[in-house]
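What follows is a pair of complexes built around chain A, which joins chain B in one and chain C in the other.
Up next is the complex of A and B:
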């Protein structure tokens, strides 16, 4: 459905050109939920934004071997054509729902806008459809709620409105960037249930971007782990947790205090990943993770490993698996 | 935890209430009251970590602010080493401020941006006249190294450091004056996953070395479970459950605690096993429900819950919960 090949995003900064996304290739099948996990600065959000081209250009520059959605080459589209696609064929939801909604308009009106703009519906019809959408995402008393302004809604309700708006265009692909990070855990659980339900019901393909391996485990079938702009591991969710291969993936998984684990501070320290993420304008020769890696070898400092398929569907960028 | 606090208590809070009066204006004649804290009691012993858990609006930050003497409670008492903190003045207040330090979620917001790190760390020494002035630079260097930074980090400005390094500076600043209690308000929530474990390990090491007590405020139950000795769960300004860490996680009594635990996404193939049974959202604290504050979301709610406020009662040895029907086995139809 979505095919990305050799996608790179560079930013021109006053300290030179940095590569935020480095030759990334992957695809998403119809109805599939793909997760992208990584820490701040790994390039996961830039990657998503480059797919729907909402990066400021310049300073950003996108290069790709291939970027196609259902056969449409996204790189060939003019900005006007791209605008038509956004909000309809492909939509994106963000972490902070307050900033994605216009504070001056009622939420029902804002959802209706999608129906007016992309489907040419008359106002009354569009409002009717937007009330249906609010009901679909589990907002109680949707007719009344449609008349609310964003500030009158709780964080969880606002995120439901955002999801309703994203779904209004009946998209083939939904990009969700940390959709539950700003929410309380009980509300997060409800929104995750809603996202799963929508995926099962509508067959919308989704890319879920998160730093939270727990959210990954909840929702997605396949995962990409990113580090310093590169894919370091790509595999099924099951493999990610049961048979992780990249030392970074292993470190991430082991450093989280798990609520199901009996381990306490009296049982010894948590597993740490030493050091911190390298700056994008100061990357080492060789493997980008070498400075923090407990399994570093000489070759890691000399040459950069490539992403290799080590078993069917399991890709890893590490000399250990060469 | 409730009425009796042991004699070796460092901090104790008794029936603390903090009401905020919403301004009456000419449009709204009836001024309403938000009960941010509604009769909260707890204590912390020397060298112990008390985890404080709850979602937004539960009152955990207001409680932390009252303990830090930033907010004045409406009623109730806070005793630090036996003295009422609201009565302190002069040297005694200064001594309290020295013994009670704080670490915030966002170190960027809590470090003066135009001061170099060495000056940020030296300032508390100057204020509290710790060490001779020619020794203070040495104390700063030692502390930098103790929290895992290098001496040359002292010459940097906060914006030149990473998030994890900034949090190390915030921890170092709190420790400069050798406090007895540190209020840590979501100290790792803003950090990357790979950095969180580093900071948690550092906090645990420092606790042993300096015999520190922590009030560890967090929404992350995994972190709380790892670091805490005892845990308090808050909901809408009240403590709904309090127990040792082992007891709370092994057999929670309050339906809210149980739901909170089942709602955490688990990093494991397959994810959560339990269904989340918490309905709806936290009600507005301006207009809280009658009876049990949790009854609007509780799957076990019965008519008594809508009228009568449950008191925090001992359900097992040292394990308190505020629920009319704390029996975990019986499922009641709505």
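Up next is the complex of A and C:
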């Protein structure tokens, strides 16, 4: 349904052009939930925003071999044509429920905007439909809550409102950028349940962006691991946990604390991946992960590995699997 | 919301108290004796003493204040020393010109600033933005009297499109009233628009970088809807606050502008009364202007309840 081939996003900065997303290729099938994981700054949010084309351009520049949604080449569309798709065919929800809603408008009105814009409904009908959407995402007393301003709602409620807003257009593709990161753990679980339910009921394809492997394990079937703007591993969720091949993926998996082993002071510190993500304007020749890799070889510093399919559906960018 | 307004009204009481003391004291602190002014320097001591007694100037200051404040509360601002006419009547008669001038120029500046500021913010860093910033800088830097003379020379003297000085009451001839006010209103409006458009621009740039703007874009809203509905709605509070302050300061600028354009307003009245040492008139006019200034600020405060739901519903509990 969504096909992305050789998508790159470059930013023009004071210190030159940096590549935030580097020749990324993947596809999402109808009804599929794809996860994208990686540390902050790995390009996962930029990737999602470039699909829906809401990056500020300039400084951003998108280049792609192909970016098609249901046969429509998104990069060929004018901004006006793109506006007709945003909120309807493809939409996005964000990390910060506290600030992602406009503080000066009632939440019902903010959802109703989608109905008015994309379905041409009159205000009263649009408000009725938004009350239905609020009920759908499990907000109690939706009629009253539609009249609330964002500051009158809790974080979890607001995230439900944002999800309701995203679903209002009945999108084919929903991009969720860290939808649960800013929420309490119990609320996180509720929101994840809601997302799963929506996916099962409406068959909406989703791209779920997160740095939380727990969320990945809960929800998605297939995962992309990104590092410094590149895909370093792409495989099923099962493989990701049982047979990770890239040292970075292994490191990510090992950094999850084991809930079953009691933590005591003899256990030593939590596992982590040493070092930090290299700056995008200061990337090494060869493999971008070489500086932090426990299995570094000479070839890693000389030449950059390519993303290879090592077994059906399992792609890795690492010289170890060459 | 009612609570908010009542609280604002109660807060005005000490403001009025301090204001009245300052206005009262002001006249007793400036050099020059009103009795000398009225009777002239050659008057006898007895004549001076009897006038002092008649005006209550022989009483202790505190008694004088309460006598004056008591009269003010009943709407009696005294009579002009110069012509004996009622101060309040004179003020009310002249207030219209100043109020039209003030409201007209502030409205003009808000219109220019909101259009200029939002267009600049939506095109940040481009030549459009730079042109608006440049024009705003010119507006901020030009002295009002100079712009007034320049406009007068261009439109009244050279092109003879508009009258250069004078005033016609709106009831008399509305077209002439408008024609006479155009140049003074444009002078003040253009100058105030400078600072206000810079404020609008920076406030809008701030709002346009907020998360809710990205949400609005992801919904498919157009740039126009995002800028003029979502962002401007959030930028309004500082804009309205600043416009309210401008409305206050324009009362001060009016003194110069009314003088240049010979408008018979409160600014002219103050200047003339000071020259004539017409103390009750100066006192009354300043008190009246301060009162209007305070009321404008009250209106600005009340407008917050319309602009910000969080202030309007301040008492309500969050539904966590």
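Brief remarks on what is shown
Note that the second predicted complex is superposed on the first by the 313 of 322 C-alpha atoms of A that agree within 3 Å, B and C clash if a C-alpha of one lies under 4 Å from a C-alpha of the other, contacts with A are read in each partner's own complex, and residues count from 1 in each chain.
Simple rule for what comes next: a residue touches a chain if its C-beta (ideal position, glycine included) is under 8 Å from a C-beta of that chain, and two chains touch if they have at least 3 such contacts.
Source: prediction; values computed, not measured.
When both complexes are overlaid on chain A, the residue A:193 reaches chain B alone and has no touch with chain C.
In the superposition on chain A, contact of A:23 is made with neither chain B nor chain C. Here chain B and chain C are compared by how many residues of chain A each touches, and B touches more.
By the document's definition of touching, both partners, chain B and chain C, reach A:157. Residue contacts after overlaying the shared chain place A:148 against chain C, while chain B stays out of touching range.
By the touch criterion stated above, A:63 is placed in contact with neither chain B nor chain C. When both complexes are overlaid on chain A, the residue A:5 reaches neither chain B nor chain C. When the two complexes are overlaid on their common chain A, residue A:118 makes contact with chain C while staying clear of chain B. When the two complexes are overlaid on their common chain A, residue A:184 makes contact with chain B while staying clear of chain C.
In the superposition on chain A, A:88 makes contact with chain C only, while chain B stays out of contact range. Overlap of the chain B and chain C interfaces on chain A comprises residues 154, 157. Those residues of chain A that touch chain C in the complex are listed here as 52, 54, 79-80, 83-88, 91-94, 96, 99-106, 113-114, 117-118, 145, 148-149, 151-154, 157, 162, 165-166, 169. Remark: chain A residues 39-40, 154-157, 184-190, 192-193, 211-219, 237-238, 240-242, 251-253, 255-261, 263-265, 269-274, 276-277, 292 touch chain B in the complex.
The touching residues of chain B, when paired with chain A in their complex, are 49, 55-56, 162-165, 192-198, 200-201, 204-205, 219, 221-223, 225-227, 245, 249, 259-272, 276, 278, 281-282, 297. Contact residues on chain C toward chain A in their complex (touch as defined above): 210-212, 214-223, 230, 233-234, 307-310, 313, 316, 318-320.
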